């Protein structure tokens, strides 16, 4: 099974970049929110991300922005970001 | 009457910047499309701009991008851009 | 000479330097004794979320700079009401107690300005 | 060693250097005899409009560079079908005769790649 | 009429500096006063004299300098933004212990006060920016 | 595992270079190989040695250099992008008739071939970019 890790760093207002990322997501892929994309963890935006795909967010970026309510998302460290790239066959960055 | 000239340089896919520009447009204001915003002259996007406001587009930017079908928009030169700023009380740039 | 300056920002904090660059202009306007208002549109309202801690990404805490605005008599802080709805936030939970503007009031604010500086 | 490279771009031409920077990478991939495909998403399909003339804004004509792609055996040019609908364009009127992909085919394309380089 | 222009975007990567240059020329050719061009954020890179273009490409810092030879022009680069982005004059290079400097002749490093003062004295202030 | 990182965004204005730095450190600390970091587009400004930060702020070019002192690291700046954006080593400064240069020690100017070659030899290629 060929699996991609997608990273996204744009905020929810950038609907164009989000739509490209979602269009490119295959079943079995993983999604990592970094930088301004961690705002997708706000309750108002959470439903805009797919439910069938594991979603992660970088801890340092959540902390920087005062976001603490990401209950159903895996919050990861930099070393875990590296590990995610190992478990996938390629990384696709959306920015 | 206090009138603003709004310049917009983002393409139609940037719905966030467009919505801010439209929200800020008063009756009597003017709108100038520059750089990537000249793609709003494509038939598919023209209706996204308000009808009650004079709309201009920079000639050099249309020409660069191969756009020739801007029938109901005033196509202006750089000196005319300068003149537009004179006829308004302030310029508000959206980018 | 006193002019009315409006600074408009639509970027979230930390992903770019816009939020901080905005505050630097605001403080300078105040030093020159100009009237200055801030209008935070779209993602820029996220600059006002409390409990930010950007130590691990090695940036300055914007909340600290924001709390100094009152000392500079910068107290006209506006957000667009649509942005509050989009992000599911209310003005009361944001720092600096911004005033939410619907489009009519926002247009009125712009018409009152001498200079508009976007970031 | 031959790898499959996919270059993805979503920016329109001229407003930024992205379109040109993309072509520079594509040509380099070809010089190194790698398999290279281009995927133009969203506004990037506007790179393929004909009759561009950026002389007055003092940039190089992208159409000229694009027409050299075939000489480098770069012939896998894809666009996303949704972008065509958004901009009201059809693939036949675009340069390089790109192949329009619906999401399923687009996902398949990505799964076949060794390296994905976004711009 | 008195104009001030503000440039926020880096050349090459964004079209905004090129648009600002053409607008500045049109202002001057129409006989108006261009009080100042203020470079802020990544716009400070407009004043980097090390920008070197192939012969058939434009060179934005050189173009600002050429315009300043035709007309009196006050090209001010925000000093705080410039230092963080590595655009230094000889003085700042000494202060930060660098043995090279790169602010283009005809440009001047100064504070944000120069932006606010220019806006106070001008009839029109126009910002040229890009995404980012 | 062998990694290559690609950085497209300028420091200060964008967060992406800082994220790339942290990722690079995490790769190296986990014992993986970082074959190359390739700087393209405005990312070439990561190699500008004239970047000067106030004492309490980060300095991205210095941070890359510090990482390259702890681990063997190949920091390659795209030469075509760098020349247009005014990031020159001593050689290029001579070629373009400039009497100053600003490529940070530890960085090297080279062609896009270094990106493609690195991608050919690496197991993972990850791009860090920003709007613009």
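Annotations for the structure displayed:
Read from first to last, the chains carry the letters A, B, C, D, E and F; within each, the first residue is number 1.
Throughout what follows, a residue touches a chain if its C-beta (ideal position, glycine included) is under 8 Å from a C-beta of that chain, and two chains touch if they have at least 3 such contacts.
If you want to know which protein each chain is, UniProt gives these names: A, B = tRNA 5-methylaminomethyl-2-thiouridine synthase TusB; C, D = tRNA 5-methylaminomethyl-2-thiouridine synthase TusC.
Just so we're clear, the structure is a prediction, and the values are computed from it rather than from any experiment.
Listing every chain that touches chain E and chain F alike gives C, D. Between the two copies, chain C and chain D, the C-alpha superposition involves a rotation of 180 degrees in steps of 5. Once the centre of each chain is set as its mean CA position, chain D and chain E turn out to be 33 Å apart. We define each chain's centre as the mean of its Cα atoms; on that basis chain C and chain D are separated by 39 Å. Inter-chain spacing, taken between the CA centroids of chain D and chain F, is 25 Å. Listed for chain D are residues 14-17, 42-43, 57, 59, 115-116, 118, each touching two or more other chains.
Shared contact sites, meaning residues of chain E that touch two or more other chains, fall at 8, 12-15, 19, 41, 57, 81, 125, 127, 129-132.
Touching of two or more other chains is recorded for residues 9, 13-14, 16, 35-36, 60, 90-91, 93, 95 of chain B. Taken together, the chains touch in the following pairs: A-B, A-C, A-D, A-F, B-C, B-D, B-E, C-E, C-F, D-E, D-F, E-F.
By the touch criterion stated above, chain E contacts chain C in their complex at residues 6, 8, 40-41, 80-81, 111-113, 115-117, 119-121, 125, 127, 129, 132.
Taken in their complex, chain B has these residues touching chain A: 13-16.
Listed in rising order, the residues of chain E touching chain B in the complex are 1, 3, 8, 15-16, 19, 22-23, 25-27, 29-30, 32, 124-131.
Touching chain E in their complex are the following residues of chain D: 14-17, 57-60. Residues of chain E that touch chain F in their complex: 9-14, 41-42, 45, 48-53, 57, 61, 81, 83-88, 92-93, 96, 98, 100-102, 130-132.
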